[in-house]
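Presented sequentially are two complexes of chain A, the first with chain B as partner and the second with chain C.
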Partner chain A sequence: MSKVVLDESRSDESTKGHISKILISWAVASIIGMSLVWFVLGPHLPPGTMTDQAAGQQFDIKFVSTLAVPVLFFVWFFFGYSIMKWRVRPGEDPLAGGANIRGNSKAQGTWYILTTVIVLGMAVYGTYFLVVPAGAGGGEGASPIWTPATKNMLQVQVIAQQWRFTYRWPQFGGMETTSLELPLNTEIQFNVTSLDVIHDFWAYQLGVKADANPDYNNIAFAKTQQTGRFVVRCDELCGIWHGAMYNYGNVVSQSQFQTWATNMEKQNAAVTKLLPKYATTYTPSYSGAGGGYYNTATDPNASL
Partner chain B sequence: MSKGARAGAVIVSFFAVIGLLVWAVVGYLRTSPPTVSASTSSTPGVVNLTMQTDGAVGVGPHPNWVGYFVQDANGGWHQTTLIQLPANSDIHVTLYEYDSGGTLRNNVWSQVEGTVGNVAYVNGVAESIVNPNTSTGNGIAHSFNVPALGINVPMYGVSGSAKNFCSSGPCNLSEAHTTMTFDFKTGAAGTYRWQCFVPCGLGFLNGNGGPMTALGYMAGFLKVV
Partner chain C sequence: MAIDFSKETGIGSSGGAPSGSSTGSGKFSPSVITGIIGGGVGYLFGHWLGNAIASGYQQVSGSGSNDVATLLGYLFATVGWFIGLGALNYPLKKMLGIDPDFSEPELGKGMSKYFKYTVDHKIVGVQYLFGMLVYFFTAGLLALAIRTELLSPTTHLWGPDTYIEIVGEHGTMMMMMMTSVILGPFGNYMIPLMIGSKRVAFPRLEAMSFWFTPLSYFILLSALWQGGFQSGWTSYAPLSLQQGVGQDAYIFGFGLQGLSMVCASTNIVATIINYRAPGMTWSRLPILGWSMISLGFTMILSIPVLIDGLYVLALDRSAQTAMLYDAHGGSSFLWENLFWFFGHPEVYLLAIPGFGVVAEIIPVFARKPVFGYKTSAAGMIGLAILSFFVWQHHLFQSGMNPDMRPLFMLTTELISIPTGFIYLVGMGTLWKARIRLTGPMLFMLGVYFNFLFGGLTGVYVSDVPINVTVHGSFFVMAHFHYTIMGGVIFAFFGAIYYWTPLVTGYQLSEKLAKIHFWSMIIAFNSTFLPLFAVGLLGQPRRVFEYAHRLQHLNQWVSISSYVLGLSLMFFVVTFIWQLAVTRKPAVRNPWGSRSLEWAVDSYPPPQHNFRQVPVVLAGPYEYADPDALPIADIVMENKDRAPVGVDR
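What follows is the complex of A and B.
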């Protein structure tokens, strides 16, 4: 067995010189990288800025991505420098060790403090931006505690069913539509529920995502601030046609929305009369199609 | 048994099992209902699509499931939900409904939507609402719903106690039925998912399993070419 011999000559090299070189190149690259992520990549990061919630999520992703740049670069630069500077060169003994490893309380302390600050800072940041923008577009349950300042909101009930979404509009005579149009610069309250199994209402570009549970109202908020098309997908595996459960919606001007809603209210007037009175949950008829497979023990009409 | 014979038996058994697995997987993957093309009509730009819905298809691995039959140009019926249609054309649909019905879970599906004029003809009478509560008492049996084209056509059921109730498909016109006709326009070429929105999968959770999920029964594709 060959004996490992320490290459004492390497321990003579100035540690400070190496650290300075790594730190300076890392700092310069980080400033450039952070600027590129913030100013160039940032505005194109998902999910866009169609609503305040989406814009908030985009800001969060941009902020975290920018912060990640110096961390990533530090690892890369340290490894890169080490590989270039301390690699075994031709003619050197590959089994020769480097300088003895010794403790460095200053480096360790800096590491502990820095990582603690980053992790705790992210926790505080995440909590703040979950609370302040009214739940950050997530479903908050039937009694949300983080609500928008305005009480004047457009109510949209999202009714998920295998395998399609429909939308009910209590402020427009309780009509139910198969398409989703939203007015610009309007605070929306989504009341998300299901007719059958658990689904999930995910309007990606709106920054809204809320589970749709039967007999339960899951509320999410968003304020529109940009016109355009968005996609709505079910994001909870809900059966074999789950992948086909999606549709498109539009954020349009307020006048266009009024025209659309008025036309739909008129067009759907006859079928609206057949719908049950608007409620925040949508309990299907137990005697309706497939109703026999509900739990008859809780069927209020079981004896009828 | 010698060592060689035992080794041979193991090798033969191994390949037999692998062969069986491959055969089963390939067989399963190749199982698909046929695609039936709509037949041409005497009117330019219009094609005819004739279908029927039955309470029990009577054929295949699930003869008791509800399902669709589609008629080919020669008048033959095929148990399928894969239909080929020409792009940017008017499709004239004749649909014979032979199944019994009931109330809808969501009454929004009682509205005719996405057809020409937003109407369907029920036994020759134009209707924009197929009201499960005020029909002939037999409710809604099934619906023809193509989400991407915005089409929804509900169909009246027939009385389940009718003397000439069709118990097994393909049914014929001498048996109790509702005739639905409607027209719709295909758009650009593509594959469009369609399904029934009346949870008619009896015996499955919420009525949405079994035939509701299966190609050839209550869900399929319009292949617009």
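What follows is the complex of A and C.
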């Protein structure tokens, strides 16, 4: 190996000049970028504000996006500046060494402390926004510990099976519907379960997502605060028609909901009698789709 | 140092690798042909046996498919394949007390040695390189098939079953094969050279690790002919219990690849620990070595959990146990836990070697020692350790252990700290450097550019409230494509451009490398950046129907993915063209590296790497220290001093 030639200019350069150039341009760009994300993009970020939980998620996405801007810019500006400034120019010795720096305890220490503080801060932040809005709309298992203050909630059971969702309403005689209407300004408890494989109940605009597991009741909460249409999609792969497993629901005024629910209860009365007693889970059996979900005493197919 | 010159280790006076078991010559010498024959015979036997055992059972005779026969077919095909390859000759001879043949045949110049079970780590490395390219491009074509379907929200090119089979096949092949994308070609080839060894610790394990992969590839692909598996690469139970025999191909293919990874990582860890040349202390070990040792330990600890899970799944499907079936006392959560306990370390198995390559190559083109050598090693070890404590973040919405979510959110976010180390190292190394923007260097910078998006969106998905929106959506899909494809695959191509002169003796064109890089990084970002928006706007993964309002974004992505495909095709054509036709001889030490692998006598390196075991005198990164000793007591001739990629 031939002797290392050094480019002395690299070692002699003042560090402060470079750092201040990078930092000043970074700070200016970050302030502009952060304001754009917070004020311009922020209000349009998904999943909207149809429920308390959705609004919380929207705020979180806005908050994290705003914080991501300076990190992104810092790396970009640093790399861009270094490449422009310290590139080997034509005619220079390509193998001459740069500054012989193996490390810098000040820079490294600052980096370690800063990233640790940011990361711990993010974890505290995330925990707070998970606990306070009653699980933030996510599936909280069979016995949730972060619950809304009120015990007076509308109970909606979401039953997933290959490949559709149905809904049971224990407060309306245990009726089962294929459509989902929800009243405005109401605390809702979704009890999500499955009759066959793992599905996922994702009510996008409601900010609710909970896996539907067989033999398991997965609870999620949401408080409606806007009327409108929302989409429900299955969000865990559940077989060939997974892509077609979706339907729509509406958040309507409380009086409209009452009318709808009482009508449905009347319409479905004959069918409701055939259903098994309302339960948190229904054990499927080998006898076809839905299996033991249907009342064995009255279901003519049950003996198959 | 840790070199044992005694006869027992197989390092004789010549000090080289032991001979392969395929030393015979003539028509019937073991090769890939006899392997295929053996595999075929084994499959037929196993399938017959399975039918003989199980066809009488009600669940088999009633279903029209026999999982026992399929699984036993694959099992005996594997045994037959290795017998045919001659892999078992040596161990069987040893067991029978016959003295194995230690004569060392000179490996010829021809291509036939690449189609044999050989124990030279350099041949295994080349086999891996071309194998990985084949696997990557197969799975890449499947990705283009997915994107073609998604051109329209309602018109369908494939049936919903074929579509979801393609999705599962793409995901499984990429995830199981690409884990070895750096370890296989570059770990096996470069690590012994870099640490000054004439051989690897367990050459037969290493050879076996490669020969698992073609079998695993064909078994996995065979699922497409057998009705596929509609359960994706995650194959959650009980959906995976519903599937036809295509699911058995998934189980067996993935399992074989798991065994391959265990073999490969055991060998690489043992090699790095025991076969370093005198003077190659831990603080002089190249960063790639640190990444390989972190990777190796992570593989050894996590892959058995996958194999265990696959075994449970196979038993549930064939022997009718009910470990994953809720109604009979099992739990579908069990599979989710076992799978992700492997599956999360798995994604760092993909990321860590990428970081290793980056930190290895950047100092060469920055003419500086790597900044914070210990920090970069600590970053990779930290990633490896933390990867075992985060798996439930894939299951935040599953309802499992819901009150543990803050803990898993914390551990997941802690991952940002060691990942940040990798950025600190890169940025520090570029500081006051002398940067040459060669083809390989551009790919390394590309890794930093892409991984930044992957890393930052990782904070989104780890935050439980945001995870409610993005879990299972295209946002997550874009996130991990940025970390894996944007990270390790870019590092892989950069490594190909960097080490091809050494491996083949031919120089690749810098101009073509740069065209490849720029077209690939633009098309890559144009493909995956909009997918973050698609996911946030509510498109779930693995669907063939989506909202009409998302059509324009999806079309943009699909067309970009074709451009990405063309860019990769450009690589294939120019790479083969330059190796087969133009064949420009490589100059000595073309990049001006100090590392030991370039100090060998010839490119490609001779059979036993070094004439004698080198004595290492200094670290590999002393680019800016005029008083540094040469790396070892070998004269690294570089008279022409005409490194590539510099205008003079």
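Everything that follows uses one rule, which is that the second predicted complex is superposed on the first by the 273 of 304 C-alpha atoms of A that agree within 3 Å, B and C clash if a C-alpha of one lies under 4 Å from a C-alpha of the other, contacts with A are read in each partner's own complex, and residues count from 1 in each chain.
Please note the rule applied: a contact is a pair of C-beta atoms (placed from the backbone, for glycine too) under 8 Å apart; a residue touches a chain by one contact, two chains touch by 3 or more.
Since the structure is predicted, the reported quantities are computational estimates derived from the model, not experimental observations.
Once the two complexes are laid over each other on the shared chain, residue contacts for A:164 go to chain B alone; chain C is not touched. Residue contacts after overlaying the shared chain place A:196 against chain B and chain C alike.
Contact with chain B, but none with chain C, is seen for A:178 once the two complexes are overlaid on the shared chain. In the superposition on chain A, no contact is made by A:269 with either chain B or chain C.
Touching more residues of chain A than its counterpart among chain B and chain C is C.
Of the two partner chains placed by superposition, only chain C is touched by A:130; chain B is not. Of the two partner chains placed by the overlay, only chain C lies in contact with A:145; chain B stays clear of it. When both complexes are overlaid on chain A, the residue A:239 reaches chain B and chain C alike.
Annotation: chain A residues 196-197, 239-241, 244, 284-285 touch chain B in one complex and chain C in the other.
Across the interface of their complex, chain B is touched by residues 159, 161-164, 166, 176, 178-179, 195-197, 239-241, 244, 247, 267-268, 270-271, 274-276, 282, 284-285, 287-294 of chain A. Residue ranges on chain B touching chain A, taken from their complex, read 102-108, 110-111, 113, 118, 128-129, 131, 133, 140, 145, 147, 150, 152, 193, 195, 197-202, 204-209, 212-213, 219. Per the touch definition, chain A reaches chain C in the complex via residues 1-7, 10-11, 13, 18, 45-47, 53, 56-57, 60-61, 64, 68, 71-72, 75-76, 78-79, 82-83, 86-88, 90-92, 94-104, 107-108, 111-112, 115-116, 118-120, 122-123, 125-127, 129-131, 133, 135-142, 144-145, 192, 196-198, 200, 202, 204, 207-211, 213-219, 231, 233-244, 246, 283-285.
Considering their complex, residues 159-161, 163-164, 230-232, 234, 236, 238-239, 242, 326-327, 332-333, 366-369, 371-375, 395-403, 405-406, 409-410, 413-414, 416-417, 420, 423-424, 427-428, 430-437, 445, 448-449, 452, 456, 459-460, 462-469, 471-473, 536-538, 540-547, 592, 594, 622-626, 628, 630-631, 636, 638, 641, 643, 646-648 of chain C touch chain A.
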